[in-house]
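The same subunit A turns up in both complexes below, where it pairs with subunit B and then with subunit C.
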Partner chain A sequence: MRLSLNRPTRPPDEASLLKYFCLAPVVIYDSLFFLLPLLFLVWIGFWTVENYQAVPGFSLTNYIDIFSQLFSRSRYAFAIAQSLWVAATTTLLGLLLCYPFALALAFVVPPKLQRFALVLAIAPFWTSYILRLYAWQTVINTNGLLNTLLMKLGLIDAPLQIIFTQVGTRIGLLHYLAPIMILILYLVVCNIDVTLLNASKNLGATTWQTFWRVLLPLSKPGLVYSAVFGAIISLGDVLSGIILGGGTGKSILGSFPLFSTVIFNEYAASTNLPRTSALATLLIGIMVVILAAGLQFSAVEE
Partner chain B sequence: MASKPFSARALTVTGWLYLILGYGLLMLPILTLVIFSFENSRFPTLPWTGWTWSWYQEMFTDGTLIEALKASLFVSPLAAAIATVLGFFGAYALNRFEFRGKQPLTILLIVPILVPPLILGVAFLGLLSRVNLQGQLYSILITHVVILLPTAIALITLRLMQMPKAIEQAAWNLGATEWQALWRVVLPWTVPGIAGAFLLAFTFSFDEFVIAWFVSGFEPTLPVSIYNFLGSNLSPSLNAIGTLVFLLSILLLVGVELLLIPMLLNKPTRSR
Partner chain C sequence: MNQPVPSTTMAPPEADPSPVISQDLELRQISKCYGQQQVLHTINLTVRQGEFVAIMGPSGCGKTTLLRIIAGLEGIAAGSVVLQGQEITQLPVNRRNTPMVWQNFALFPHLNVRKNIAFGLTLGSHRKGEVRQKVQRMAALMHLEELLDRRISELSGGQKQRVAIARALITEPPILLLDEPMSALDPHLRVRMQGELKRLQQSLEISFFYVTHNQNEAFSMADRIVVMNQGRIEQVGTPAEIYNQPATHFVAEFVGNNNLFDGKVTDVNGTIITVQCPQGKIHTLSDQPHTPGDNVTVVVPADRITLADQPGALGNTIQATLRGREFLGSQVIYLLETTAGYEVQVIRQEAFSQSLDIPIDAELYLSWRTQDTVLLGERS
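For the complex of A and B:
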């Protein structure tokens, strides 16, 4: 006689095959098609090219060549600096623009409308990125919509040079980042306990003090996630730097391409896979250092 | 509640103005794309010269973009489906079982989304070209699944965490085997998460450029084909295909609004 009361609330067979059945596919897939390619990438970086054929081996040729060209010819150091500069400024701008947007979404929009407003804000993310960049080209071109409009209004005499500068690159990146940053920040702000904000006000804090001493510190996880997301995307993105930045867009650092653009274009021009792999490995190194430093920094601040 | 009504009101007005400006900028390129797909002149700029359907005709007669769209509509749903199925099982196991090495495993499953597609593109090409799998639609399919898995796992885990543990335990108590409980109790509960994950995965794959550029050959997906178009002959056909893609996005967005947003706004109700 089996009494349901005596039944265990867990299947007795803890060593069942279900766990392995569920985990094996993803683990095998990621090992084969994620870990293996990454290890391969690092290894190929040490190969050489003879007669347009990649030759397996272990040689430092690629790295010696890359490091010898840090400041001459390909000038990789300048490209890396440009990438860091554009990524840092874009991420910061993204936070400065999206955080107030998320706050307005959470506190100004009536609760009933908020869901719709949120969907509207993340809508651009669902349309093609490359097509959005192409559309931005139409807008910021030398004789594009913005310049035509401003000149018709008599606000400027000569067209503004936005396209094919790093300002253009940033516009494209920001348009990609904004929906996600807004979503992350909105979700974090929404989960903040409103009683804390009311308590601060009741205790006599001004709106500004409540923002600075209560709301902002509580939003920190959202700000950190958004910043990490912004930095990773900005450092790795290829399209905006090419389509809006024109490859070697000008910034206050000078007319240098982004490092990601360099990697992409070098492969397009040479199809030299070992050397491209070495450059990509270098990019991994740079990103690991930056992320570690950034997370360290945000942890120390606390 | 002693804050001055004036400053509160000023804040509200500023907030609305900021929102309007923000939405304007977010929508600007999309509206530009749609509107200028009907503009007569070959160079999309002001002043407006007249309405036309010719760019849509050109897009269909030229056929390059349409072929690429077909390739994308083959790769992306398939990649999203594979990622979602694998992701469901992975997420279920991660959510239910405790075991040694769970944390490093979770990191392994999530980290592909943190690696820039540029790096993955070079890496995939390196591996696939050694085994002669590069340059086909299947190459893109295989590699896209990798970058889609993390989001699928994350979203499905989110949904699973909202499931009261008691439901599954009740099924066990009533005599269901683990497999039956998984199939007939957990799976139906997770359907919104699975569907949401599929939509997001589809979007990622449909939009992915760099990896597809590296591993694709003569059968480019839509973003790669658009990129080639941008390099060679700028044509308002791009606006036309953009409008088509935009219509597809609206469909996806409705799904997102129905499935994804409620899930994200829901707070996890974890009970043991």
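For the complex of A and C:
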């Protein structure tokens, strides 16, 4: 999917002035309330703390401090690993759940009902995230809805430990991510030319072969974009990790907090704002790498 | 709607000279409905081995549906599809080996030219060396050797079409289905591709089932033309037959450059029949029985009419007023009004300078030979 950039160049006229005029609010808003604070955050990361006071300057102290504590004391590496593990598995689960759904929406649901079905799928997104997390608490609590039901049915003897584990974190994240991932996947999948699928079958491919050789490769942009989206949101989210994951939720890696939770806690303790900024900058760096990799691999063509 | 619908406009079944498997494709009594609407009415058609058959008709006539039925992309209400003696009506799309060249080519954008061509071979258990060899041979045949490693987005329309044909032919199918493959090409390229396609079909000796709404394509390439209208076959014949002896009003009008005069038979003298039209008396020939009083239509091809300022001696003459003129290089198309509101077209191969002499609104005489006309029965 390559965009043609060969637009003819024209001298600026009224139309292009209007264009800039229309763009201006977005540019100004983003610059003032996103880009500037972000740059400020990165800048504070290079400040130092003297007598409990942040002192502006340019020093790598915070980063040296952080990297020296990767495996000792604060053990940042474990939190980063936990974050990456949870983000990766959540994203993969999200794709496994949302991709078939998007395919069904685009190819099975009658066109007239597609918009309606899409709205239904996205509807949870319009309810408060925090409320949804607390709702999930009552469902997955040790004495919650799910455990009570499973025990009543005699499927389990003791309650499942879901809450305050990273499984809980993932449930919260998935509930948040699914509508967005479905939307991204649907928009890409519903633009796939059905003729290409028919052409594949016409050339002798079974339904399964058509899926692997044509449909899946053509869905690649949607899969990559929604995966990047899911991974970045999962890495940055704090609430699910605290409310459902219990802060230091257990995963197969062990009971470590998410990196975002670490940053959140350090900020709440507010002992060293410059170092917290440096930690946040580190997380942003990881996100940028993921985003860049995603954009690199999103092309349909080989 | 499962019982066969009697069809009067259906072409009579043709006598096959050799009853051995000389036909690649046979469509028997095919009917197709979309909901309440019947879109194909008991279609019978055979495609002989190595024959180039063009299905021609206006959009919505069912020609593409027929093609999709052969490929298995559409189900049918009744009838059967027989490919090389084997009934394939119930076979799924992927087991028919009836590859198609699609209107917009439908090349896989995520694969390069080589992988597009090889697609049909890589699905089964073909050895890699064999695949490479066959792709190489097909690329040579379609003049694509230089382009094998290109992306699809880097190809021109003509190149895309050659890749689409190569991809369809790689499994050595008994028949190739083509769905308006020229419509995405520019007119200049279209004429060149027509020649190439015909040569390819003749050298491969496989049948082509070519759907088009474009007469030029059908007439320049096909061995036989099938004219369809509203889900029925109007006429099946060689290009010359379709052109010279249109069987129905629809064919006479669709094939174009024909003037149709409606009238009543006034006199029958052997095979010579005289028809009284609003424009005047017209003589025509017919071996069908006619009696005075029959409502008929006389078809006069536009390129058989001569124009003169005096009544001609060609057997038929009517008077008309010149209303318009169009120069197409060596050809000139004249539009004339006979009776009020009725326009007649005349096409003459004429030098530019000579045609300038006739002023617009001049009273002229149109004349033509009786044997150049075709007589059709009453409009249905």
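Some points to look at:
The definition used in the following text is that the second predicted complex is superposed on the first by the 254 of 302 C-alpha atoms of A that agree within 3 Å, B and C clash if a C-alpha of one lies under 4 Å from a C-alpha of the other, contacts with A are read in each partner's own complex, and residues count from 1 in each chain.
As a working rule, contacts are C-beta pairs under 8 Å (C-beta built on N, C-alpha and C of every residue); 3 or more make two chains touch, one makes a residue touch a chain.
These figures come from a predicted structure and were not determined experimentally.
In the superposed model, A:Pro217 makes contact with subunit C only, not with subunit B. Using the contact criterion defined above for the overlaid structures, shared-chain residue A:Asp193 touches subunit C, although it does not reach subunit B.
Once chain A of one complex is fitted onto chain A of the other, the partner contacts of A:Gln209 are limited to subunit C, with no touch recorded for subunit B.
Between subunit B and subunit C, B contacts the larger number of subunit A residues. When the two complexes are overlaid on their common chain A, residue A:Lys201 makes contact with subunit B and with subunit C alike. The residues of subunit A shared by its contacts with subunit B and with subunit C are 198, 201-202, 204, 206.
Contact residues of subunit A toward subunit B in the complex are 4, 7-11, 13, 16, 18-19, 21-23, 25-27, 29-30, 33-38, 40-41, 44, 97, 100-101, 103-105, 107-109, 115-132, 134-136, 138-139, 141, 143-145, 148-149, 152, 175, 178-179, 183, 187, 190-191, 198, 201-202, 204, 206-207, 232-233, 235-239, 243, 260, 263-264, 267, 273, 276-277, 280, 283-284, 287. Those residues of subunit B whose C-beta lies close enough to touch subunit A in the complex are 1-3, 7-8, 11-12, 15-16, 18-19, 22-23, 25-30, 32-33, 36, 43-47, 86-87, 89-90, 92-94, 97, 99, 105, 108-109, 112, 114-120, 122-127, 129-130, 142-143, 145-146, 149, 153, 169, 172-174, 177-179, 182, 203, 206-207, 209-210, 214, 222-223, 226-227, 230, 238-239, 241-242, 245-246, 249, 252-253, 256-257, 261, 264-265, 267. Interface residues of subunit A facing subunit C in the complex, by the touch rule stated above, are 2, 193, 195-196, 198-206, 209, 213-214, 217-218, 220, 300-302. The residues of subunit C lying in touch with subunit A in their complex are 71, 73, 92-95, 97-100, 102, 104, 106, 108-112, 119-120, 123-124, 151-153, 167-168, 171.
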